[in-house]
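Paired with chain B in one complex and with chain C in the other, chain A is shared by the two complexes that follow.
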Partner chain A sequence: MSLFIGGFAIIFIGGLASLFCGRRGGLASLCGVLGTAAGSIAAIIPAFKVLFSGAAESVQIAWAVPFGSFCLRLDPLSAFFLIPILGLSSIAAVYGVEYLSSYQSRKNLGVPWFFYALLLVGMMLVVAAGNGLLFLIAWEIMSVASFFLVSFEYEKPAVRQAGLSYLIAMHIGTAFLILFFILLSSGTGSLDFDKIPMFPAAKANLLFLLAVVGFGTKAGFMPLHVWLPHAHPAAPSHVSAVMSGVMIKTGIYGLVRAAMLLGTPPAWWGWLLIMIGAVSGILGVLFALAQHDLKRLLAYHSVENIGIITIGLGVGLLGVHLHSPILAVLGFAGGLFHVLNHAVFKGLLFLCAGSVLHSSGTGCLDKLGGLIKRMPWTASAFLVGAAAISGLPPLNGFASEFLLYLGVFKNNGGDGLEMLVLALIVIGSLALIGGLALACFTKAFGIVFLGHPRSGAAQESHEAGVLMKLSMAVLACLCVLLGLLSPWVVRSAAYVIAAIAPLPMGQIEAELGCASSVLLGFVFVSLVFAIVLFGLTAVRCRLLKSRCVRQSVTWDCGYARPDSRMQYTATSFAQPITALFNVFLQTRKKFLPPEGLFPVRSSFETETPDLGERYLYLPLYRWICALFGKLQWLQHGRVQIYIFYIALTLWLLLMWKLM
Partner chain B sequence: MNNTVDMIMIFLVLTNLALLGLSRLGACIRVAAVQGIVLGMLPLALNRGDIPLHLGLYSAVLIGLKGIVFPWVLLRLLKELKTRREIEPFVGYGTSIALGMAAFVSCIWLGHRLPLPEPGMSALIVPAAFFTIVTGLFLTVSRKKALTQAIGYLVLENGISAFGAAVVETQPLLIELGILLDAFMAVFVMGIAIFHINREFDHIDADKLSSLRT
Partner chain C sequence: MVILLKILNLAVTLTAAPLLLGIIIRVKAWFAGRTGQPLLQPYYDIWKLLRKGTVYSVSTSWVFRAGPLVSLAVTLTAALLLPMGGLPAVFAFDGDFLVFVYLLGLLRFFMIVSALDTGSSFEGMGSSREAAFSALCEPALLIGLAAVAKITGHASLTPMAASLQPALWTAAGPAFVLVGFALVIVFLSENCRIPVDDPTTHLELTMIHEAMVLDHGGLDLGMLQYAAALKMWLLGLVLVGVVVPIHSGFLCLDTAAALLCMGLLAVVTGIVESSMARIRLLRIPPLLIGAAALSVLALVLVYR
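And then the complex of A and B:
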């Protein structure tokens, strides 16, 4: 535990140091990245130790705050979340050094590094907190630090807007969490997680709903996700990677922790999570398909992957309720493994998107194209990430989704019809999500990296520097490794699942062993396939060696002057699918058709505004605005009246107290 | 000894009523000053037996600041501003006094509900102190001129100081000195601010400052 606290301190001190030498950008970056990396290495050691030994460590520090106690606790669940948090944050920090260096002349780099360290410290504290109040404080540190990171380029109005909407969404979520913790403590007056009593069913249900809304806002459940597509594109790319890869997972952590605290789950908790997961997953990927901006597209994919994770948690909770070890173990294992996997491949994809943005200056899909020739490293890394997120074997995204499939396939507990419905929903939505994700990433990769440049910016782009390439390469290798080693990685989750689900350790290990042997088969087949592919490539190279290979233009049906505008656009590529799902997407089109024999101008525009924003948040905000508009008569702008309000309030409070 | 404390308290109540009813700014400042001086003697009156040196010093500082320095600053300001020497209230003087009486009654009720930790002290302390606080707030709220707000703040501070002297047993001096420092700063800042407002806008009516919003 002392290593954890030491790492915590190193990261914070590194952040402070970079704040103080902010004017000299290089030094600030150095302090920030050294602090983050060294601290993460120190703190990740106890996390691994706890994960593999299963023994929780805790430390209590004196702290005189009502309801609060500075209790840090590393149990297998915290340790499991801590590993991707520390790992991805330090890799992204290395990337950030180079990414931020282009801002060096214009901005004080100490500020983003300080808030980066603060964000990391906040996340560490969130997963290690053993007390509700400490948790809320850490949660707030995390939200506010990330708000400042999102608003890094505050001189752009769109970024300010995004930052503001992020801040508001986070605090709506936090309001629910405060309510959650107040209710949690109402029995005993203590917020220590190990002193929470068992609740009657009605109260537990209410608490669970509060937790779903509160943590779901952070995690990005549909329709609470509205901040995601704004905030992720606005933040610097390494921050988007951390926010999307690990920060939103703290919402998942909170939900799992809440479910653990609330005792045995009734069936509808599981069903609710499965439905939320299915809706978030399918709508998330559909909206991703309709996007024109690379980072916004990736942001919607975060919603999708959170959906997959939530389906896993729902299946797990249902398994606990039905006493079905297969469902419980494989549901939780799939969900949690996907947390880790998503951190890796989504981090990778955001870093790749960042280097595209960095070199071409735009994330707009229809202005990019042909980047594979100029940025081969980034393109290959993006390809690996895209294959992983689409759930293709043998990469890591496949392994975690496969566990979920396996769980509902092999399930033998519960009522027949109910289980059939479960299998249909889970398998159907996972398959749909996987297929659509594949289509979406075909679109993203194809439009950005293949074909010809669609604008001058794309033409002048260049490959990222060493540090950026290094961090992308590390994450890409991790995608492959986690996939190939998945049979072994899955087994290491035994203690985590034992902490969540009340099952005997032997049973958990048996189920995981069973799943791991199936995965092993897949890995073996994939390896054989890879060897065959390698052999075929070698043969091809050999055959081509003796022949003359030349490049020419694509066959253009005899048209003499093909140009880059004749390629597929992002919209036209996705059109067959988006047209099919237009009921949900409600894409707005502005079409000015060509007229006459010699048309002068015509244009076509599409825009897909967010459903949750349009039908939930905007009406809600309008209602709140109208409500507070009615209170405007209180607001005179006269100093005397304001003092009067304050005095009156104090006076009434005193009277009330003395009554 | 209790007799002296009672006398001081009654004096406090009377000066409050006077402040509510006075129409001239200069007179208001002087009454507040007298109130400050009398209040400065309260720690001495509360202390039974010998008077320790630090208490004497404290009393002297209190009297010096509230009775001499603050009024002097405010009176000089009044002279320099060349503004109208009348208060211009939102609430008339008669109504103010009537409201003041009502407030005093509720303060007595309050004092009844809020017993002092140390028995045997004057029963008037809490009502009088509260009444002074309420008067200060009322002056701030119901008068137009920014200068009256400074006076209101001073009276409010007097009330807190009376309350503090009676209630806080062990470290009254430390807390009181802290508040005094606040008041000291406030009067100076307010003085400077009022001076600048006057120079900028040719009046010191706080209610017209609302036009600064836009």
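And then the complex of A and C:
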């Protein structure tokens, strides 16, 4: 535990140091990255120890706050979330050094590094907090620090807008959480997680709903996700990677922790999560398909992957309720493994998107193209991430989805109807999500990196620097490694699942051993695939050596002057799918058709506004605005009356005290 | 002994795959009143292409060159997962059909990106349609397989196929019929046959698979065509394996029956291609969603 606190302190001191040498950008970056990396290495050691030994560590520090106690606790669940948090944050920090260096002349780099450290510290504290009040404070630190990071380029109006919408969405979520913790403490007066009593069913249900809304806003459940597609494109790319890769997972952590505190789950908790997951997953990927901006597209994919994780949690909770150990264990294992996998491949994809943005200055898909020629490293890394997020073997994304499928296929708990609905929702939505994600990422990779450059910006792009390449390469290797080592990674989740699900340890290990042996089959197939691929490559190389290999232009149908604007665009690539699902997407089209014998101008625009924004948040805000408008009679602008209000309040308080 | 059988399974798959294509073409020729090309013509074509060099477009990168390699490697690997009549699969483990389905996803991924690598709008169009239609095929295929997995009580293809006794058919006949129909639609769509795609042209109206391989030539095209033939054989094996209940316990008989059914599938495909036109592109998604609905119905019947 002392190592954890030491690491915590190192990161914080690193952040402070970079704040003080802010004007000298290079030094600030150095302090920031060194603090983050050194602190993470120190703090990740106890996390691994707890994860593999299963023994929780805790420390209590005196802290005189009502309901609060400074109780830090590392149990297997916290340790499991801590590992991707620390790992991805340090890799992204290395990337950030080079990414931020182009801002050096214009901005004080100490500020983003300080808030980066603060965000990391906040996330560490969130997962390690053993007390509700401490948790809320850490939650707030995390939200506020990330708000400042999102608003890094505050001189752009779109960024300010994104930052504000993020801040507001976070606080709506936090409001639900405050209510959640107040209700949680109402029995005993203590907010320590280990002193929470068992609740009657009605209260536990209410608490669960509060937690779903509160934590769901952070995690990005559909329709609470509205801040994601604004905040992720606005933030610097290494921050987007951390926010999407691990920060939104603290919402998942909170939900799991809440479910643990609230005791045995009734069936509908599981069903609710499965439904939320399926809706978030399918709508997330559909909206991603309709996007034109690379980082916005990735942001919607976070919604999709959170959906898959939530399906896993729901399946796990349902398994606990139905007393079906295989469903419970594989559901939780699949969901949690996907937390780790998503951190790796989404981090990777955001870093690649950052390199594209950094070198070409635009994230607009239809202005890019052909980048693989100028940025071979970034393109290859993006390809690995794209294949991983589409859930393709032999990479890690497949392994976690595989566990979810397997749990449902092998489940034999519950009555016929329950099994049917479960199989239909889980298999149907995972299969559809898989197919659509593949379409979306072939689109993203194909339009951005392949073909011809669609604009001057894409033509002048250049490869990322050494540090940026290094961090992308590390994450790409992790995608492969986590896939190939999945049988062993899954086994390490035994203690985490034992903490969540009330099952005997022997049973959990047996089920995980079963899953692990099945994954071993997958690893075998992957290795055979690699060998076959290698063999074929060698054979083709040999064959082509003695044969005629020519270069020519792409077949152009006899038209002599094809230009890059004639290529398929991102919009046209996605059109068959977006047209089919237009019921949900409600894409707006603006079409100015060519007219006359010699048409000069015509244009076509599509825009897909967010569903949650249009039908949930906007009406809600309008209603609140109208409500407060009715209170305007209190507001006169006269100082005397305001002083009267103050006096009145004081007098009322005095009376209340005296009574 | 078991190892020998597994190797035999692989050998038959690798050698017999293009024959399926030959049968389809012959059936179509017969319907059109022609003699048609030799039954082994697909072999000659592939062999001819494999002996050539290639031409690469200047717009392409390594992704384009990797496309045929990955396609062939995927189909060769996927061939290890499927049983054939009495012959067991080389690898069999719970959920192996998921690995199979997602391996085909990897193939599709590389086909699409290598098509987009040329920067041609023909290939863009083909890959866009391929992505859309196969995304809709996936639920139909997986839910259908889930229904069969539930009926047989196995989550791996080899025991699943082995336990398909005629008695199961009498017990869950309607479900098998529904899954069979769904898988036939998936088979036709994934292999780019009429009514979804027309394999004989790459005209704009039918631009799916043929449009995607427009810029591949020589050795690469040969590899792609062999991979496509293998893919057709493998999807056919899935269909035959999980729907046809001929399992007498005699190895030769079972395997011969499976091979016969594969031939029959090719004949049926030929008949479908000769007797109906390709449907309009806008009608294809309803067809595929219909296939998914059949699978869902089968699952409902199974759990009833």
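Everything that follows uses one rule, which is that the second predicted complex is superposed on the first by the 655 of 659 C-alpha atoms of A that agree within 3 Å, B and C clash if a C-alpha of one lies under 4 Å from a C-alpha of the other, contacts with A are read in each partner's own complex, and residues count from 1 in each chain.
Quick note on the criterion: a residue touches a chain if its C-beta (ideal position, glycine included) is under 8 Å from a C-beta of that chain, and two chains touch if they have at least 3 such contacts.
The shown structure was predicted, so the numbers you read here are calculated from the model rather than taken from an experiment.
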Chain B versus chain C as contact partner of A:A62, first or second or both or neither: neither
More chain A residues in contact [chain B versus chain C]: C
First (chain B), second (chain C), both or neither touched by A:L654: first
Touching partner for A:C541 - first (chain B), second (chain C), both, neither: neither
Touched partner set for A:F644, first chain B, second chain C, both or neither: first
Partner chain(s) touched by A:V583 [first = chain B, second = chain C, both, neither]: neither
Shared chain A contacts, counted only where both chain B and chain C touch the same residue: none
For the chain B and chain A complex, residues of the former touching the latter: 90, 110, 113-114, 134, 137, 140-144, 149, 206-207, 209-210, 213
Chain B-facing residues of chain A, complex: 636-641, 643-644, 647, 651, 654-655, 658
Residue ranges of chain A in contact with chain C within the complex: 369-370, 372-373, 376, 379, 383, 386-387, 390-393, 398, 402, 405-406, 408-410, 416-417, 419-420, 423-424, 427-428, 430-432, 434-436, 438-439, 441-443, 445-447, 450-452, 517-518, 520-522, 524-525, 528-529, 532-533, 536-537, 540, 543-544, 547-557, 562, 564, 566-568, 572-577, 580
In the complex with chain A, residue positions of chain C that touch it: 52-63, 69-70, 72-74, 76-77, 80-81, 91, 93-96, 98-99, 102-103, 105-106, 108-109, 112-113, 116-125, 127-129, 131-139, 141-143, 146, 149-150, 155, 214-215, 218-219, 223, 281, 285, 292, 296, 299-300, 303-304
